[in-house]
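The data blocks that follow each hold one structure.
Both complexes shown next keep chain A, but they swap its partner, so chain B is in the first and chain C is in the second.
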Partner chain A sequence: MHSVWAVARNTIAQALRMKVAAVVIILLMVLLPMMSTILVGDGTLQGKLQTFVSYGLSLMTMLLCILTIAISTYTLSNDLRRKHIFMIVTKPISRFQIVLGKLCGVLILDAVLLVIFAVVIYTLTMFIPRLADAPEVQVKQAADEFFTARAALAVPEDKTEIEQQAWEVYRKLRDSGQLPPEMTSDRVLSELKGHQRMLSRSVPVNARKVWEFQNVRVRDPHEKLFVRFKYEVAVTPIDDKIHGVWEVGDTRQFQAGVGAWKTPIARVMRSDATRTMIEIEIPASVIADDGFVGVAFYNPSLNETTVIPEDVELLYRAGTFTANYLRVIMLIALRLVFLAALGVSASTWLSFPVAFLAAVAVFLLGMISGFIAESFEYVGGISGLLYDFTIKPLVWMLPRLDGDYNPTRFMVMGRLLSWGFLAQACAIMVFVKAGILTVFGIWVFSNREIAKTVV
Partner chain B sequence: MSMRFRDNMICVICGLMAVACLVAASMRLDGIHQARKDMNLVSNEPLENAPPSLAFATVAMGAFRGLVVDILWMRADKLKEDGQFFDAKQLAEWITVLQPRFAAVWDFHGWNMAYNISVAVPNTQPEERWRWVRNGYELIRDKGLEKNPHSIILYRSLAWIFQHKISGVADDCHMYYKRELALAMRPLLGDKTKAEFADLAAAPYTIRELAADPEVAKLINELKQSDPGFADEGRMVRNYLSLRENPARFAPQAHEVINRWRQTPALRTFDVFARAHQLRNVWKLDTDLMVRLNERYGPTTPNDPNDHGPLNWEHPDVHAIYWAQKGLDMASKPGTYSIDEKNTDRIIFHSLQNLYRTGRLITYDLPDQGPAVFVRPDLAMFDTCNQEWINRIEKYEELEGGNPKAVRGGHRNLLINAILMFYQGGQQAKAASILAELRRRYPEENYTPSLVSFVRRRVAEEMDRVSGKDATELILMSLREAYFRFAVRDDNEASGREKWAREIYDIYQTDMADGARTALPQFDLIRYLALRDFMEDPFYPDDLKVRLMGRIKLDRPDLFEKLIEQEDVFKRLVEQNQAQTSGS
Partner chain C sequence: MASQGSEYAIETISLTKIFRDWWGRAKVIAVDKLDLKIEYNEIYGLLGPNGSGKTTTLKMLLGLLHPTKGAPFLLGGNGRDPRINERIGYLPEDSYLYRYLTARETLDFYGRIFGLPAKTRKSRIEALLEMVGLTGMANRPVGTYSKGMARRIGLAQALINDPELLILDEPTSGMDPIGTRQIKDLLAQLARRGKTILLCSHLLADVEDVCDRIGILYGGKMRVEGTVESLLQHTDEKQIVTSQISTAALEQIRNIVEREAATCRISSPMDRLEEFFIRTVTAAQQQGLATSGAMSTTKIGDFLREHAVKPDILDQLVAAGAHEDNQAASESTDDELTETEAVEPQADTDLLQSLADAGLGAPDTHKVEPRSADEPNPAPPTETVKRDVLDELIGRSEVDGGRTEAVDPDRTGDPQDA
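Moving on to the complex of A and B:
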């Protein structure tokens, strides 16, 4: 342990001597406060806060990731190139301790910088409302929708049911000889599944659809729930507006008479634009005693078209802004851990420029890894088999840095980043992926020749 | 030594060759640039006289500018998909900074804010919606047109936002937009006479020019000393206008200065300058063009159809006309009539029609609330609208060689509708002259020369298609409108509407009613029912209803007595009806 710590200390000193570290620190120290004053968003207090946090966290994350990659790929490869490594390997320290020491050094530096700049961003965020001199309405809106951590519940689609229905339709088409000849069977099935998926979400005119949420628990019964959704339509109305009746509460009570209801059911009639996320505020008193909440949407005849409410979620306050922010910083730390492990591992067998480029490439691919994984879902037949056994494992190894793993979306939308999600991300990104990379790096470094013998 | 000499010689020769290649390449540059222009490969012209920050942003990134713009567009699109608009304005500004000469970028972002983002806000928050509509048109007006002064699509888009989004009725909050625009323009228009607009156009452009008048210079100095807000000449104009609206925001000395100089020519001059300054620099309106548009498109006076009064600059369609005309002046190419020009031209035409149909903005001040706004037809705009229509028919025939049948049909309907509107409004002479024009232009239709029989025939045709219930509804509508006009002191229109209701009643009773079974109730009773409808209509503010009753009681005591009588009649009828219903 003492050896590992010695190497780590040395690595930290080496990193601090690198100009890139100084550049990153100066950039962040200058840009973050500047952004807090320059960025105005949409002119409201909430918009300003969202814009600042979005760009602030993104900038900090990006720069720290680049710094991590630079330091982790540089430190060991530089020691190897300049033969400094000879001074280390001749001491009673094993190869794996060197690699671990390098990794620890990078991680400690990352942790210190991350904490410093996270505190800076947090402080600026808390000061913006005081400096902005916003009206009371905007302050309240920011408190309700930004300075909060809302859990989001969604009803997952029944993939098995959709697949079964798609297969049924496929069989009927096949038996009646109506399969399009120019399309492969995989393609047809894929289209049918998409169609069934859409049908399962559609609400025809004068029809109703219910989403059922379980285990909805709020901390304060006087809190508010939010139903969030977006309308898609079969035929866009001329005024681009959709009328809807939303009923939120224990919808199981519909069978009983109104007099027998134990909890109220909120009824909201409204008209909203299509393709825009909408949030409806509902009192938390609608939650049933067992935590059940049903959200029913009725498509009135005014619309004259089938409506497809998409991305229906139930949001409720489940934590504080500060605790959520802390977890977001931890999520950022996880990606730094991965990148550090990647960089150190790459530098055990690649020179610095190559290792740096490779690590940056992996990082950039990680930023779009969700998109890549989704794209390959549509590959079928022999290519699909080939993909499953070759490219897919590599794609899986990529860090997930987008979509649900993008830390800024939690802060911007006031969404709860739960401990469970964080633990899962930690397990996969750190223990599995970073672990594999570290073990690989240790194995390579342990077996590679450090010095050539010249006779 | 010789090895080193050889190496040095090689370096020198390579260096000279590199220089020679660079010189040769630079000599080709002009030809390459010209070829790019000839093949229309250049969409961004180099910025000239741009502020340093803008020049830096567009040049420093070099080849990466396109990449950065793509990333910003992708972020804007992704946020839009997620329904997040907090960054939309900022992104629009950055994208337009990086691509300032690409007019379509300004057009898209202005439209995106005014249309897409505004409707994403619930209609229970009209202030927020209005902010996004303003963001949209201000982006195009204040920044897009500055960078692209000859882009007709930007002028058209700007005009369209005023015509369709603000003046139109598709948006739930359209009345709020109209009100806000009217309230913002009102303090700048003075007494809205031709002389006032002439003064605005003649006003100096800078404070320095203004201070050439020694009396005005004295006033300016006193203002500067009265409140720190007037010390900075850059903010003086804005603060002066704010002082006129809300004196409490400034030191009492400032208000005293204004009081001392009240009714003096110097204050009048300064006041005109301040308003002209605001119109020119904030609203970006050219006061000379405003005067020209007033002269060309303004409402006509009854006695002289060639004498045009000022347009109602509180109305959004007037702004639509302004920007469309400005676009045609700045960006149209002589000898061609492109589709963009045609569309911009049409905006002027349709806005004039809108001004005729809904050009009258009646604002009614409510205590402790903002004023309520009502829109009504502006009959004074008819002559201008009619003339433009005739010009269009001729232009269509001449320029496009097309068959203007559809356009002529629309014009004929306009004239028919105008005859009825003027007749309802009590302007029989004008209605008669329009009828004469209708007969002259469309002789093939054989319209009757008598105004009264023309009107009665139109009403009879309308009645022919309706039942007694519908006839009652038509009469009620006319009477409700009469009450509204009476409440806002538009007595001529009120009287005209009341007579019109009476005429419909008489025509139905005489020509349509088939005995007692289908006869209408007494006219006095219908008049009472119309009053009840008006009083129960949530569209009209309570204060207006109280004023109406007050006016009826004071100015038409005979009507008031009749209404009281009919109230008793109505109560008896209701009781009888209830008794019959419960008895059966």
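Moving on to the complex of A and C:
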């Protein structure tokens, strides 16, 4: 342990005296406060907060990631290139301890920097509302939608049903000989699926659609629920406004008479612009005892068009902003751990520039991992076994840094990052992926000829 | 030493290293079926021209390179085993130090890897810094040091764990003559404490001065191996060194020699340049001239001496049945030496002074055949070297061994191989 610590200390000293860390620190120390005053977003308080947190966290994450990659790929490969390693491996220290020491050094440095900048960003965020002098409405909006950690529930699309319906239509067309001859059957099917999906989401005039949510639990019955959605329309109305009637509550009670309702059902009538996110606020008392909440949308004849409410979500406060911020920082820490393991592992067998480029490439691929996984999934469907044993594990090893794993998204939207999600991300990204990389690095390093000259 | 679990401190069995090119074709046979056996408490000099496989051998011993064939053993174990590494000190051919660490931090780093407790670490670092004469510059980054100064730190780090076995690759390269002399003295002292030393060098003078046994590598093969004396002494020649005598007496001697039908040369002896240099620098130091370079103290870290009386080392020495008579020899040397050492603290000009004094006071012990002034650089022909050494050995053994030994104690190690 003492030898791991000795190597870790030396790695930190190396990083600090390399001045890379200093550059990152100065850059952030200058940019963050500047951003907090310059950025305005859409002019509202919430917009300003969202823009600052979004840019601030992204910038910090990006710089720390690059710093981590730089140090982790540099430290061991430099020791090897400059032969410092000769004087270390001949001391009573195992090769795995050297690798772990390097890794620990990078991680300790990361942890310190991450804590410092997390505190800076948090403090600045907290000061923005005080300095902004915003109107009451905006302060309330910021409190409801930004300084919060809301859980978001959505009703997943029933894919099997859509597929079944698409097949049914397809069969009918085929039996009646109406399949377009110029299209392949796959193509026709996918078009049909798209059509069915649209059908299942759209609400014709005078029709009603209900989204059902289970297990909605709020911490305090005086809390509020939020229904969030966006209108898409078949024909855009002249004034670009859609009228809607929203009923939120235990919609199962509609069968019973009004007097027999156990919990209230909130009914909201409003007209909103299309293609913008709308949030309506509902008292939490509408939640049924078993945690059921139905959200019903009625398309009144006034609209004269089919309406497609998109991205319907039920939001409710499930944690505090501060605790959520802490978890977001931890999510950032996870990717730093992964990158540090990647960098050290790569530098056990690659020289600095090569290891650095490789790690940066993996990092950038990780930033679009969702897209990559999807596109390879498509290829994989065709190529089969070879794909399963070559590209698939590699694609799987890519860090997931985008989509649900993007830390700033949680902050900007005031979304809850649950402990469960964090634990799962930690298990996959740190214990499995970083673990595999570290073990691989140790294996390579333990078996390589330290003094071998590679020309 | 039965307790060591192996007969030899270093042993290689048919050690072979072949460097291959990318296609796997043998390119260079760096070390070829080398059987090296170095006993405990021996100073062994591994010689050879550039590219003869010395460093490659060391690297295989230490596990930095994998042998193509054969096996190396260090202290009866594997050079990659941390328990073995615990007991060895290694100085590579170049001091690969972290440029951004100061001398003190450098030693602290290595001390920490050894897991030395903070107190021991601190005291050892100070002792070592003083020993290598860098206390004044201990807080300067090593990157700003000259090569010789970096070498001193390199040596200090090799000693921080008070190793049983020292493996030194060109320890004196880039060092000034005083530093070179210090290292040689240090090695002799360590050897007297029962340490084993493997010295790799092509500075023949260094090897010759300190080593008990030498081996010369060429093309990865051991060409010659044996004690310095057995290899260098011309048993068919004799040398006589006298104080100032009359020409008439010289003529008489010449006559006697010629009566025996032998040849005879007569000339005045010269100082070795090393002695002369040390005298000059000592004089400058006594005048208190300023320097930003390394100070030449010859103090040896206390922790490196302390243990000399420790029972375990004594036990080991006694237990060395095979070396019983050398034992007697080296113990007697110890006695002679304590004198010199005892003077060292009070005479605050330290050992260096005593070295210089010895040089001045005992010119007659050092009278040798005249030789070219480039003596400290005796890289070339073995022929010359042999002659020099022969002269010196004879000059010493026949006139006055005692005083020389006190200064240059490593010589006294020789009897054990004689």
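Quick note on the criterion: the second predicted complex is superposed on the first by the 410 of 455 C-alpha atoms of A that agree within 3 Å, B and C clash if a C-alpha of one lies under 4 Å from a C-alpha of the other, contacts with A are read in each partner's own complex, and residues count from 1 in each chain.
Quick note on the criterion: a contact is a pair of C-beta atoms (placed from the backbone, for glycine too) under 8 Å apart; a residue touches a chain by one contact, two chains touch by 3 or more.
This is a predicted model, so every value here is computed, not measured.
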Contacts of A:E136 with chain B and chain C, given as first, second, both or neither: neither
Contacts of A:E449 with chain B and chain C, given as first, second, both or neither: second
Partner chain(s) touched by A:P92 [first = chain B, second = chain C, both, neither]: second
First, second, both or neither for A:M277, with chain B first and chain C second: first
Chain B versus chain C as contact partner of A:Q50, first or second or both or neither: first
Chain B versus chain C as contact partner of A:R17, first or second or both or neither: second
Partner chain in contact with A:M413 - chain B first, chain C second, else both or neither: first
Contact set on chain A toward chain B in their complex: 39-44, 46-47, 50-51, 54, 230, 238-241, 270-273, 275-278, 412-413
Touch list for chain C against partner chain A, complex: 59, 62-66, 79-80, 82-83, 85-86, 88, 90, 92, 94, 96-98, 100-101, 105, 109-110, 112-115, 154, 157, 161
Interfacial residue positions of chain B with respect to chain A in the complex: 81-90, 116, 119-120, 122-123, 131-132, 135, 170, 172
Parts of chain A lying in touch with chain C, wherever the complex brings them together: 2-3, 5-7, 9-10, 13-14, 17-18, 82-94, 449-452
